[in-house]
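What follows is a set of structures for review.
Here chain A shows up in two complexes: once beside chain B, once beside chain C.
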Partner chain A sequence: MSTQTIAGVAVDVTDEGFLTDPEQWTRDIGVEIARAEGIDPLTPPHWQVIEFMRSEYFEKGTGPTVRVLGKTSGVSVKELYQLFPKGPAKVAAKIAGIPKPRGCV
Partner chain B sequence: MSDPIKKVSIIVSKGSLEGVYPGLIMANGARAEGIEANLFFTFFGLDAIHKRRIGHIKVATVGNPGMHIPSLVGVLPGMSAVATKMMEKKMDGLDIPGIPEFVEMIGDTGAGIYACKASVDMFGFTEADFVEHVQGIITVGEFYEMAAGGQIIFT
Partner chain C sequence: MTHLVVLGGGTGGTLAANRLRKALPHAAITVVDEDDRHVYQPGLLFVPFGLAHPEDIVRPRGRQLHDGIEYRVVAIDRVDLGTDTVHLADGTRLGYDVLVVATGSRLVPEETEGLLGPAWMRSVFTFYNLTGAAALEAALARFDGGRLVVNVVDMPIKCPVAPLEFCFLADWYFHERGIRDRVDITYVTPLDAAFTKPTAARALGGMLEDRGIELVTEFNTGEVDGEGGRLIGYDEREVPFDLAVVIPVHSGAAYVGASPGLGDDLDFVSADDQTLQSHAKPNVFVLGDASSLPVSKAGSVTHFQGEVLVENILHFLSGEPLQAAYDGHANCFIETGFHKAMLIDFNYEQEPVAGHFPTAVGVPLLKESRLNHLGKLMFQWFYWHALLPGRDIPGVTSGMPSAGKQIPSPPVTEEVGA
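This part shows the complex of A and B:
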């Protein structure tokens, strides 16, 4: 774990760059992490997924799997992989400032 | 740190529940990590993409020491169906989809799904026998071409 300045804010991140405290997150931080992940700009469907991930996380204590995202976020699995080609659950969690999901499915 | 895996090509050769799931989970998991993935179904593994059989994949209750029931019990009518139901219920609780939904989802992740030509010919199947996410019937040579530069996993 280390402290990193993202979008002008000092935040705590894991070795892989996931925020350890989702409360430190801002939309600007999301934009900057996305850019580092090669996603620029974040379009409305990206934000739909990011906001859904955050609300799921705050409600359930863990980020949703791709399957749950596909069923309940309003964005299909196919579109999720188009929006986040390097892995929707993982990359969207990183951009959304929530911990890396650990599910196998 | 060594170079991350960029591509996996997974062969599914068995037609039992425990024979099919590992390959599906590994393919789906690869895509979730942003790794390119291909699934190649061969021999009895073809059941997992066969329209009429995909919904009837069962656990082997005979000759399967992992089940911890005597083979003489496992042979009783309905045992395999009961064991399969129990396992499916457990997996559902863990949010693991059934095989038909799983194959569809893996197709949607952008993974390649293929049937082995030699096995298809042997069983007398045609393209029409397979679920829609199957992208083609390919030869072993074409499989190797597709797998080039990545890892091959046999299950």
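This part shows the complex of A and C:
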């Protein structure tokens, strides 16, 4: 874990670049992380997914998996991969400032 | 009279009902399942290789239940949490004081595009149910060479090590037949490594490499094109195959989805990860694969949870705080081929590491041995004769033992001002 300055804000991130405290997140931080992930600009459908991930996280304590996102976010799994080609659950979670979705065991 | 209703007559439902029968001799206990075929699921892995026969791993569900337990063979329609009632498909209702949800998980191949297409059960199979495993035995016997692909579509799945074991056994099987050099084996997983936990993932990844089994990671199967012989990922990567063994995605039982407030988006039931009391309602408890707890969907997990579940149901009925706590203990024999197996033992906090089980004098952990293979074979006897009847297995406790494990010591922190 280390401290990084993203969009002018000092935030705590894991080795993989996930924010450890979702409360530190701002939309500008999301934009900057997205740019580093090769997603620029963030379009309204991106924001729909990002906001859905954050509300799921605050409600359930973990970000949704791709399959659950496809069932519940209103965006199909195919579209999710078009929006976040490197993996919707992981990349969208990173941009949304929530921890990496809990891997299944 | 107290009425306990147990939904599901598999590993969890059976051992819970039998333990509850002993603990509460005067309560009425009803177990419900839609059929009377109890499959010893760890045996499914061996069927495709001719090492077990379907009829050897199935017994009647009702016969595994102790006297004095009512067994109903009927499908479950839904649970009404508000009135504490289970509605059954034949129109009858069961009222309960305590409900145990132990209906496991079901395969939903229809969620993956193309999986149930014309090639299903011709060149695309699963070994995760009895018909699939038996059909795959014939397909493997006919297979004379080419690309064998083993694909996990998405987590969670039952017994997350079983697809790896399938690869190891396939390696052994084609060696025995003298055609290993004509078969390419590829393991295709959505995970970023061979397994979820880092130390075991490294060990298992190394074992795939030693056997010449190719590992494709972070592959999210979007479509199975059976006739074209290829898996197509959502990221447009493709993996070609001549024979595909696919582990379809899993959901909880369908009635969970039809019961308002009981399950999550995948029809699994969420519960306190220590007490096993559901978040749906205090008089509903969850056991085994039916839950959304962050543990493997595996018989050993269900077994270790059983003791805790029964103790907490007794506390609940007496109006006491639920004192028993499940620690996430899981224990799996991993069959590695050539008459060897490896054992892993872990819990919520402790990932699988090397050492011995259950103490320093015991069977080796995270290391292949013949003894572990015998352990795996012997386990079927314990399953029917000790685990299901609700007896304790000597040396195997609900909580995870640490004595024999090589656990790295935590970094030493210096005390400031000392």
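Assume the second predicted complex is superposed on the first by the 102 of 105 C-alpha atoms of A that agree within 3 Å, B and C clash if a C-alpha of one lies under 4 Å from a C-alpha of the other, contacts with A are read in each partner's own complex, and residues count from 1 in each chain.
Operating definition for what follows: contacts are C-beta pairs under 8 Å (C-beta built on N, C-alpha and C of every residue); 3 or more make two chains touch, one makes a residue touch a chain.
Predicted, not measured: the structure shown is a model, and the values here were computed from it.
Undergrad: Touching A:V91 in the superposition: chain B (first), chain C (second), both, neither?
TA: first
Undergrad: Pick one for A:A10: touches chain B only (first), chain C only (second), both, or neither.
TA: Once the two structures are laid over each other on A, A:A10 reaches no partner at all.
Undergrad: According to the stated criteria, A:V66 is in contact with first (chain B), second (chain C), both, or neither; which is it?
TA: Touch status of A:V66: both partners.
Undergrad: Touch test for A:S76: chain B only (first), chain C only (second), both, or neither?
TA: Only chain B; A:S76 stays clear of chain C.
Undergrad: Looking at the overlay, what does A:M1 touch: chain B (first), chain C (second), both, or neither?
TA: Neither: A:M1 stays clear of chain B and chain C.
Undergrad: Do chain B and chain C touch any of the same residues on chain A, and if so, which?
TA: On chain A, the overlap between the chain B and chain C contacts is residues 65-68, 77-78, 81, 85-87, 103-105.
Undergrad: Which part of chain C faces chain A closely enough to touch in the complex?
TA: 111, 154-156, 160, 191, 196-197, 218, 220, 222, 234-235, 249, 265-266, 294-296, 330
Undergrad: For the complex, give me every residue of chain B touching chain A.
TA: Residues of chain B touching chain A: 25, 28-29, 31-34, 94-97, 105, 108-110.
Undergrad: Okay, in this complex, where on chain A does chain C touch?
TA: Residue list for chain A touching chain C: 64-68, 71-72, 77-78, 80-81, 85-87, 102-105.
Undergrad: Taking the touch rule as given, give the residues of chain A at its contact with chain B in the complex, in rising order.
TA: Those residues of chain A that touch chain B are 65-68, 70, 76-78, 81, 85-91, 103-105.
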